[in-house]
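In the two complexes below, subunit A is the common chain; its partner is subunit B in one and subunit C in the other.
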Partner chain A sequence: MWIKTYHMLATYKEELFKNLQTAIELEHSTIPPYLAAFFTINQDTNAFAWEVIRSVVMEEMLHMTLACNILNAVGGQPFIDNPKFIPEYPAELNFADRKFDVGIIKFSKPAIEAFLEIEKPSEQKLNVKGEDSKGFLHPINLDEKTIGEFYEAIKKQLIYLVEEYGEESVFDGNLTLQITPKEYYGSGGEIIVVNNLETALLAIDVIVDQGEGASGSIYDSDETYFGQDQEVAHYYRFNEIYVGQKYQEGDRPNENPTGEKVTINWKATVNMVDNPKASDFAIGSAARTKADEFNQLYSHFLRLLHLTFNGQSSLIVKAVGMMYQMKHLASELLNCPVADTKGSKVAGPPFEYIPLDQRKQFDWLVTELASELEPQ
Partner chain B sequence: MSKHNEYDVVIVGAGISGAIVANQLAEKGHNVLILEAGEKKDFSFESYRNYVHHFYNSTIKIPNSPYPQNANAPQPLVTDVENIEDGIQQFNENGYFKQYGPAPFQSTYTRAKGGTTLHWLGTCLRMLPSDFKEYDLFGTGKNWPINYYDLMPYYRMAEREIGVSADVEEQRYLGLTFKEDYVYPMTKIPQSYLDKKLTEWTKGAVFNYEGQNFNYNIVSTPQGRNSNPNPKYDNGKGYQPVGAVGNPDLGQRCEGNSACVPICPVQAKYNALKTLQKAVNKGVVIKAQCVASKILYDKETGDISGITYKEYENSETLKSSSSCAYTEKTITAKRYVLAAHAVENAKLMLASDFNNKNIGQNLMDHPVLLTWGLAPENIGSFRGPGSTSGIPSLRDGSFRKNRSAFRVEIGNWGWNWPTGSPATELTEGLSNQLFGKKLRNKLLDKVQKEFRFGFLIEQQAIANNCVTIDERYKDALGNYRPIINYNITDHEKEGMLAAKAFSKQFFKTINGEDKTIYNSNSGGFIAYKGEELWWQGAGHLAGTHIMGTNKENSVVDKYQRCHEHKNLFLVGCGNMPSMGTSNPTLTMAALSFWAAENIDNDLNQSKSSQSEPLKHLTEK
Partner chain C sequence: MKTPPLEPIEVFEKLSIILTGFSKADIIGTGMLQTYFDTIHTELEEGLFFELLFEVQKITVTNPEQPSTDELQNISELVSHSKYETAISQIIQLWYLGEWVFSPTSDQNYIISSQSYLEGLIWKSIAAHPMGGKQPGFGTWGFAPLTFSSDSTNKLT
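This part shows the complex of A and B:
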């Protein structure tokens, strides 16, 4: 009997692993578009928007880390360094009730419109369409309406499995794989070590609340969970940029903000080409050289993250160093005029995947990665 | 004047000392007002970003470059100091100070909310136990009326408030002791690659001077910048780093922006705005654009009856001396605290006809002898905080009878301070017809090997180094400009000679190239016993109203209270009778905690109308 049960748990877990891997990829997929908007505005001419996007993109990194912690806690394995990990931009995001493109485009109204679509809250806490009480009738694959509903389904799966098989057999992952709150990251919330159902559900709540707001509110739950300052959730913060006005105490989720007006300078942006690709730029041009270098850097970076989430958690410090390099390289790209546009537009970071066997040695590579590239 | 005081305590100055005293007293339920001479500024991050912006736009990146000059509350600038002509130091009339020399006073401070912590480096060294009794031990300098052990609990409070990152085990040297099981709030800031290479290259070597050997131990410096919280701190309760004011998620770790001086863009480095914001949240009122001009006191009892200040409307930069619109007002309270800065405190008391002869005397700084050179290989200059390590072995020893002690600060930003590198290296490359890749390689090759020493020379308190006032020298609001008389003694010059010898031996030991060349016209240049020396100011202004045992030898008692004015307390580096070789901010902060405790006790005692003495100090 228990053999059958164990077999069933393993099957269910496979499904759970897939969903959590999707969660990691989903969280990651938002980062390049947010970074593109972030890199193309200036901290001083668009101070408010700059800070909103900075804090949101940092929180997406937290969400990706939390998803990895959950997956590791249930005995799964995050795959970060593979060709499908970075979507090809513009990427179509498919929710049950809407499809939209998300791209690597400069800070603009269309960019913020797409961001609003990504972070859109669920209208009500609902029964997810086509799902049984265990949440397992079909793989999730973002057939839900919102990211919140997607995570709601994962929560149900976790609760169901713990009820059926007990907490210990569900959360049987190696604790040393967890990234801990010792690793500061610079925005709202905190890294949560996931080792049981309670912490897994908490981690999911943090992800959902920071994006959509705690149920029925424009605020996330950082204040409740971490004793931090009250923070407006991502969707609403993007809306503040969109309408040029801040929310204030008492404002409601389905109404526009009524607080202090903020200046958004839509024109003060770097005129980056939409969805830059390295191959768009002439071989030998500065734009091409730097775009290639950026893609190499980003792919090496994913490798480093993969190692970080698969047992070498202390490497995260080096990953942070690489993020600074990325920012620097992106700003160099944004200073390279593109020949086809007669100099009216500049290049930008392409975020394209380079397969492991085509990666180059660079003197900035961290030792751990460099040794992987040595001929075996 | 109304008998009813709206405030229990009025504090002059919203720098680190004023902020700590205000925050501590508000915590105890007292009503506190701070008068601040600088501009009205809110606690938003945008407001702080304006400083960063001002820094970007400044052509000369001096310490005060992010903080605009304000004619209503002018501040000294390092660029005020003139060159030496025909062997004589020149003094101009352009700056805020009126200087009579004979040596140039090259240190500055900031008159704005947050004070000089806006541009400090963040070094948080405790003073050595021997520094508190220098006269007893070496027959030079002055003793303190309290000792290191008295100050220990207040050092811990200061280290919490500032948020100091250090490894306590590395700090136990030259008699420094810590409470059992004590750890700093955060783990040490990683030492730079330069620090590590110098450690490797000097292994086993010693500096021999006048028959004595000193080790080259390179020790990480305790710093007021955020690092990883130490989980063992506070009996295992840990510590939460404090981020930027107005953007608390930002700056919870040092990001290596390498701009600590003049401004940390993310506020990972402590500044007093952090403490001020806490104080304001507890009800402390800050009245900015209010420059205290006179302290009123009863000639019989000495008791302070009010502080007169000038409230100005705008903060335009005005060169003229007559066109600032202001209103003169007087404020009263039960207790008064001067926290306006060593020079400003002294100036204010002199302007108020206080008759203690020690006011303004004993002005101190750390003259910093700079030397520089090239390491034998690339050491990755211009990365990380300005300095992450020092060499403490010459901070103490019997030699202090004959010459000044010094601390060796290892600079991470190449020759930036002494020569203006890398900008000057670029200019030089261009003038040698270099461009493109050749220029880049040449720059990289040289700049990455650059490093410098700063020798912080201990300076003793002497009466002739002083701040005075003169009717002829006033600012736009009609307040006095400080008049500075300043010189370097032979005791200090002997210390500089030892420092120069140290530098020469050090470069030999590591097979580096000593590139120290002084410009004999540059302010601070001297030739002494056949050796060329060049020193700069450290911004460590201290000692203008020192503490001591009586009114003949000091201005305040060990409780930080004026001998002759029982309801007036002074805080700040002005109270320090000596600084040893420690950057003084941490000690000043500790003394401010001590002062706040005494003011609180004093207020409570007057409430219950008992006249018990203030709490006695002891800790072992």
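This part shows the complex of A and C:
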């Protein structure tokens, strides 16, 4: 009997691990597109949009970290340095009722439309539609209609398992794997150490509320949970950019904002090619050299994140350093003209995976992490 | 096969790669090529810049990132010519400092723009970041500089 029960829990857990790994990949997959929009506008000419996208992308990084904490708490293992971890952009997002593409494209109305599709709350009726998917490698498949419903399903799974098998059997992960507020800083919301059902559910609420708003509201719950300023959730922040107007107290989820107008300069953008790929650029061109360099850096970075979430949490400081390097490299790429476009367009960050055995030497990584970098 | 003559801006790119020792990708990546071209054109005495570019164009350099000994010899002769010496030194300082330097002690020297300050090649040369810009991330100053050799053929084994 005991063996049977234990076996059942293991089977359920496999399913739970799979869903949480999908959650990590989903959170990560939004970051390159958000960053592309962010990199292609200027803080001076598009101050409002710049600040909105910056704040959202920082929170997506928090969400990814929270998802890793939950997976580690239930005894799973996040896999980050893996070719399937990165979708091929434009990434295909498959929800139960719709699928659409999210690309690495410059700041534009179509970009924001795709972002609205991603963050769409349950019951949201504002009619903004992203482009239909054309179908690419490594789509992200969800059985639910929204990210909120996807996480709701994970919550139900957790609650069921705790009721059936007890909290200690479900949350049997190694506590030292948790990323704590000591390692994580500088973002909306806060990192939550997950060690039981209560903290797991809280972490999920933070993810969902920051994305689509606490249920029936345009606001996230950072004020309630963390005593931070009241803040409009991602979907609604993107909608503020889309319609060029802020929400104000009393505005409702299914209506457009009625607050202060904001200036959005859709034309003041860097003219980046859509979904840049290193192989699209001529060998020897500045665009190709920098794109290859970016992909190398990004892939090393994923390795470092993988190690961070698998026991070496102090490495996150170095991972953050690499994020800044990626930002500076991206800005160099945006200075590199693309020959096919007769110089009218520039390159951009491709976010492509380089297999471990094709990664080039990266000085301090090699000296300090040589053993961990061996293929496993 | 005769290759078409280079545009002045392309000759300037070639000259910049040779003078700074940085790769084409790094030079283009600064986003400063056109700005510096215009600056030099404005600051140097009438006609001198184009004369220099004309002379540079005449020197064959197959790969500006790795000039051969002979190519380097020809370039050296040109850039040490008394007519161009000062201008060459100003161009190098422009790339490294983002600053137009009339003379080391002149109070007329000026930084071209906030971007030129950030893009000064000196920061890459010393594996540091410009003060007040391109921040490297909290606490990263405790680690060895993050240098990435794009031309390195070394692979992890």
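The working rule: the second predicted complex is superposed on the first by the 342 of 376 C-alpha atoms of A that agree within 3 Å, B and C clash if a C-alpha of one lies under 4 Å from a C-alpha of the other, contacts with A are read in each partner's own complex, and residues count from 1 in each chain.
Heads up, the rule we're going with is that a contact is a pair of C-beta atoms (placed from the backbone, for glycine too) under 8 Å apart; a residue touches a chain by one contact, two chains touch by 3 or more.
None of these values were measured; they are calculated from a predicted model.
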Subunit C versus subunit B on the shared subunit A, clash or fit after superposition: clash
First (subunit B), second (subunit C), both or neither touched by A:Gln361: second
Touched partner set for A:His328, first subunit B, second subunit C, both or neither: second
Which superposed partner A:Gln228 touches (first subunit B, second subunit C, both, neither): first
First (subunit B), second (subunit C), both or neither touched by A:Asp292: second
Contact breadth on subunit A, by residue count: subunit C or subunit B: C
Overlapping segment of subunit C (options 19-27, 37-45 or 145-153) - the one that collides with subunit B in the superposed model: 19-27
Interface residues of subunit A shared between complexes with subunit B and subunit C: 186, 324
Contact set on subunit B toward subunit A in their complex: 45-46, 49, 53, 228, 231, 241, 247-250, 252-253, 255
Subunit A-facing residues of subunit C, complex: 23-31, 134-140, 143-150, 152-156
Subunit B contact footprint on subunit A (complex, rising order): 43-44, 47, 51, 55, 58, 182, 184, 186-188, 228-229, 324
Touching residues (chain side subunit A, partner subunit C) in the complex: 185-186, 284, 286, 289-290, 292-293, 296-297, 317-318, 320-325, 328, 331-337, 356-364, 366-367, 373
